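I have placed the structure first, in the form of structure tokens, so that the comments after it can refer back to it.
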Amino acid sequence: MRGNGSRLRLKAIQIALLAGAFLAWHVLTSPTLLPPIYFGDADKAAFFFGEPLKVFSRLLDWFVSGEIYRHLWVTLIETLLAFAIGTLGGVGFGLWLARAPLAAAVLDPYIKAANAMPRVILAPIFMVWFGLGMASKVALGVTLVFFIVFFNVFQGVREVSPVILANARMLGASPRALLRHVFLPSAMSWVFASLHNSIGLAFVGAVVGEYLGSAEGVGYLIHQAEGVFDINTVFAGILLLTAFALVLDWAVTILEVRFMLWQPRAGETEKL
Amino acid sequence: GKIEKPQVHIAVGGKAAFYYLPLTIAEQLGYFRDEGLEVKISDFAGGSAALRSVVGGSADVVSGAYEHTINLQSKKQIFQAFVEMGRAPQIAVGVSTAKAASFKSFSDLKGMKIGVSAPGSSTNMLVNLIGAKGGLKSTDFSIIGVGTGAGVVAAMKSGQIDAVSNVDPVMTMLERDGAVKIIADTRTLKVTQEVFGGPMPAAVLYAPIEFVKKNPKTVQALTNAIVRADRWLQTASTNDILKTVPEAYLLGDKDLYLLSYGKVKEAISTDGYIADEGTTTALKALSTFNPKIIPSEIKLELTYTNEFVKKAHQKYK
Amino acid sequence: MKAVLERGGAAALALEGITCSFAGAAGEPGYTAVREATLVVEDGEFVSIVGPTGCGKSTLLNVAAGLLAPSAGSVHVFGQPLAGLNRHAGYLFQADALMPWKCALENVVAGLVFRGAAREQALETGRAWLRRVGLEGFGDRFGHQLSGGMRKRVALAQTLALDPAILLMDEPFSALDVQTRVLMENELLDLWSADRKSVVFVTHDLEEAISLSDRVVVLSAGPETHPIGEYAIDLPRPRDVSEIRLLPRFIELHGRIWRAMKSEVLKGYARQRQ
Amino acid sequence: MRGNGSRLRLKAIQIALLAGAFLAWHVLTSPTLLPPIYFGDADKAAFFFGEPLKVFSRLLDWFVSGEIYRHLWVTLIETLLAFAIGTLGGVGFGLWLARAPLAAAVLDPYIKAANAMPRVILAPIFMVWFGLGMASKVALGVTLVFFIVFFNVFQGVREVSPVILANARMLGASPRALLRHVFLPSAMSWVFASLHNSIGLAFVGAVVGEYLGSAEGVGYLIHQAEGVFDINTVFAGILLLTAFALVLDWAVTILEVRFMLWQPRAGETEKL
Amino acid sequence: MKAVLERGGAAALALEGITCSFAGAAGEPGYTAVREATLVVEDGEFVSIVGPTGCGKSTLLNVAAGLLAPSAGSVHVFGQPLAGLNRHAGYLFQADALMPWKCALENVVAGLVFRGAAREQALETGRAWLRRVGLEGFGDRFGHQLSGGMRKRVALAQTLALDPAILLMDEPFSALDVQTRVLMENELLDLWSADRKSVVFVTHDLEEAISLSDRVVVLSAGPETHPIGEYAIDLPRPRDVSEIRLLPRFIELHGRIWRAMKSEVLKGYARQRQ
């Protein structure tokens, strides 16, 4: 178990790093603080990267005026739905195909092809199918999340130890019981690896969907701001989403710890 | 009588742009509400994406460029424009200051890398047209899609493109920073006339012809609101405008906004009428640019109507 | 589970003319582990299989369990040809086969749960079985928290808890100390004599084989393994495994089988060292 | 081993499925063949989904005129570079972090945050950094590929059997030898699962990058076609890319089979 | 590898006052597997450890290998306190520890390669070792293509090929048939007597323990295991393991240790059944 001291130290390093990053951001984009480095003049840096102080005041404004809640709510719901649907679909489909070799062989090229399609280009078609509301953004997010989870679950199921599988079958496990008691638990760490990855992409799906066409959501705000070169608002939106992505990830990590209790951890003796 | 469809969903590609200023004004001043409409405006990454959402049926009315109705007709989609918001395309073409010294005529575009908002869009079309005036074919220069946002500035200032054809506020920004020299400016009526050989209707509201037929009262209400906005803009002071548009639109840079507004003011429609002559100009321009559009196959009379505008003027004398 | 109906005099398990060839790498010849092996286990019979390491004992058990389709030969279970898994058999694997994501108790009851037993009752049975294998109080441990011998006993409880008609056991007691082993052997004999299961028991311990079985089958060294000797064990039942080893008849049988095996192993080594 | 017969059958099913899909596409988008189903009129269907015959004639044109080669070449190079760089980066970074718990703990939120950033919105910044040429498309592709590979390698390394790891350490393996002989081979199936996923995304990255700003490449062609509502060309481009994605995937599968020879396969006895 | 310099009279391995407590689940008390155990192995000594299953033998070996930090107690190797891995030791694990992605031969040479041996030479040594454990011709097989006993022998070759100064062996021969086992035991004795390694040998086979060792340590039943008896084996060397079992002194020692263990196991069971 990690001591309290080292956890504190960890947090300290992280916060120092964060502060350092913001400081660098501030210095590099402030026209007066430093001779310009990357760009010919620092105004240009501020034009592309915004200025952290303005970004924060934007964030503050949003929350103080309450303007952001509606947009944030929409984006979060879209993300959560995309995440949930994509994950369930990916797990279900992955479990099914991994256990149905013929179907897997037949569908294999189609899945690969679907995964290789540039979804952004298909966004208009999604809008036709799912309308301009949340559904089309959710759909875009689902296409991102689904494949990641799917590929991992598919492989995870195939990696099940053959002896454990044979044993469970000899013990009389039905295909359903095998799924529930063998394949799923065994593929769990694969699932979690893909979840960490796909949380981020669920957000990306929602935001890009809004960016491509919508009337509300954080992606809409970002799009509006880009149209008038208000890069600070763009970054404020991105920071906000990132913060929520981290919160969601943390929830997944809690689940993961809970489900992965059985795994051996290093150094299990207690110090006396 | 009662409005058939009080809830109208308008799709627009880049709502914050000056191109669609009357729409924003009508929304902000409550003109739609005054007409008994409940309007929802969805913003898209680009004009073609916006119109596709209407073709697909997820929105009702497009706020977009008139020439799309012609384009769409060549794809067997009959759309009709019913009120005008802009009477010039508001596109400007500029060459980088580095090349400006040696730039004498349009024929000097030869061999240049020219940034447009998207290949195949009106910005691209304008480049082709002025290139043709200089005796160039579309293969004599290379077209690069750079969008309408910060990417344009990035591409221009880092010297990755030699010339740019784009809309405001990008063009004004580049101009102000001294990054480009304007060589063609369709934000003015005069140059528009010269380049296109006639007036060129730009931003309009258009909808599937069945929608117009089925919901005349709704269309009338929309037209009324836009005509009022057009007229309001003719008399409004800059201060009025600053107060009316959403604050977010200005946040980037207020001075820039006003500077830019000064440039495009002339291009805003005064009365909402779509000039008959303008529609032929548009068809001619399109067909030289896109060989798939055959003028004889396009029924121009289906692409627009001024009836609603006429009635609007009767209502708001 | 128990196939009472089919038990009409037919052998519990009949492997006839079994050949198992494993595919070699591309271009290389395959490896024939077992060739033309025949093994018949009567209903209620306790048969031990001994043979040099790597000769094909586990392979034969896999065939009997229906996990490995033989290259040639037929398998009958209670007179029925075997297709797919052998549903009458419980199989105690040689390798570690516990589910690492289940604790010991849940592993023991897994089979019961799979077969639809009520959870509470299954847990009750499971706890009783943990007690029988000497692991009371370890029910909530995961696999990596148990010692090698403990894991083996959990697997034993897991298999026995299902009370299968045919028991296939692959070196079940080799990881146990001598005393625990005797306790387990006696448990197994008790269980077996209670309702006369058919048991195929693979072991390297000849004394164990003799003291438990009705018959000991000796396999030849691989490759192309086949039975080279069968020894009926005519020692009286019921037996206590720790006492039976002193009987003169035991010692005599032991000597005979030992010699047969020894020459077989040395033959195998000679063949390899050529 | 799968017999020749069943392989033929598999191919037959796949081709039938493909033919069926194209037939459905044809029938549903052809104004004359069927009463319109989904859309009010079939012209509209053709407007959104194109018509397969025209799509094919477009493809044919491209190859006959030779116009496509330049664009295809650019896109393929971008994709391959993004794939290679992203994969190497993901594997390298994943291996490193999985073995450096402190660094992993510190960087964890930053990695999650970076993964959650909507890359499409950052495209202008990529343009500033990498220009309008190939580099910015490669960069976009790398950001997609990298994270997928990274998360899988990271998890894959942690899943190494503790006994095997302890054994290798007792045998005297240096940290480098552990990487090469234990962690990498053990994480191999994780890597391959992520590769199948990321091939598609490398294409997506390249195409979307071209779509956002470029002078050549298949994404450019698609963008251009969209501007004039030439949906058939759009689909021709997508089909072309998909075909190449499948080719690349097939190459990865060959590698996978080669590297995963050691894994037990089911039913290994030979029938006599 | 061989720590010639440090061998200045200090014990090869000295575990002193070792206590190993495993953390329990949150809120539950931990499990103290080993309490205050002391085990000293002199340089060149062959020590066997016997004890009931689950008592803590593997745990002690893990501590000696430096893989598990004890909760309390000190470990010295050739007089030096142990920090991190025990670089002087070779460890033959109880569980299957072969790398499944390497074939048998590559597994055997893995240690040599890790220590920087030239590839060709390492392969030569590896092949020789495969021959010594009776697996010539199986070098290109992967783990799942080998039988349980074969895998164990590959692991044996892997460990012995490194020629470590201290050998930790956890039930190395329990998966082998009696004959092969005798061959391996003699191989081990040959190797040991050639340059007097220090060996810690865990086994459940008391005869094996007595016939191989200089000293047999009996552990108490868990939890809180500790040594409860040490028996010096004063049988003459060199020994042939198959013949030594007939000596009267052997039988006497066997009887004594047996009784000690039996009462210990029964005590353990009694404690559990309470």
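Points to keep in mind about this one:
The chains carry the letters A, B, C, D and E, assigned in the order they are written, with residues numbered from 1 in each.
The rule is simple: a residue touches a chain if its C-beta (ideal position, glycine included) is under 8 Å from a C-beta of that chain, and two chains touch if they have at least 3 such contacts.
It should be emphasised that the depicted structure is a prediction, and the values quoted were computed from it without experimental measurement.
Summed over C-beta pairs in contact, the chain pair with the top total is A-D. Distance from chain E peaks, on a Cα-centroid basis, for B. Measuring from the averaged C-alpha position of chain A to that of chain C gives a distance of 50 Å. Chain B and chain D have CA centres that are 38 Å apart.
Separation between the centroids of chain B and chain C, computed from CA atoms only, is 83 Å. Those residues of chain B in touch with two or more other chains are numbered 52, 55-57, 149-150, 154.
For chain D, residues touching at least two other chains, in rising order: 48, 124-125, 128, 162, 211, 226, 264.
Listed for chain E are residues 22, 95-96, 144, each touching two or more other chains.
Within the complex formed with chain B, the chain D residues making contact are 31, 39-40, 43-44, 46-48, 123-125, 127-128, 131-133, 211-215, 220, 223-230. Chain C makes touch with chain E in their complex at residues 22, 25, 50-58, 94-96, 131, 134-137, 140, 145-150, 153, 171, 174-181, 183, 204-206, 258, 261-262, 265-266, 268-269, 272-273. Across the complex, chain B meets chain D through its residues 48, 52, 55-57, 71-72, 75-77, 113, 118-121, 124, 142-147, 149-151, 154-155, 158, 160-161, 290, 292.
In the complex of the two chains, the chain A residues touching chain C come out as 163-164, 166-174, 177, 181-182, 185-186, 188, 261-264.
Interface residues of chain B facing chain A in the complex, by the touch rule stated above, are 9, 11, 14-17, 40-45, 49-50, 52-53, 55-59, 148-150, 153-154, 157, 169, 173, 248-253, 256-257.
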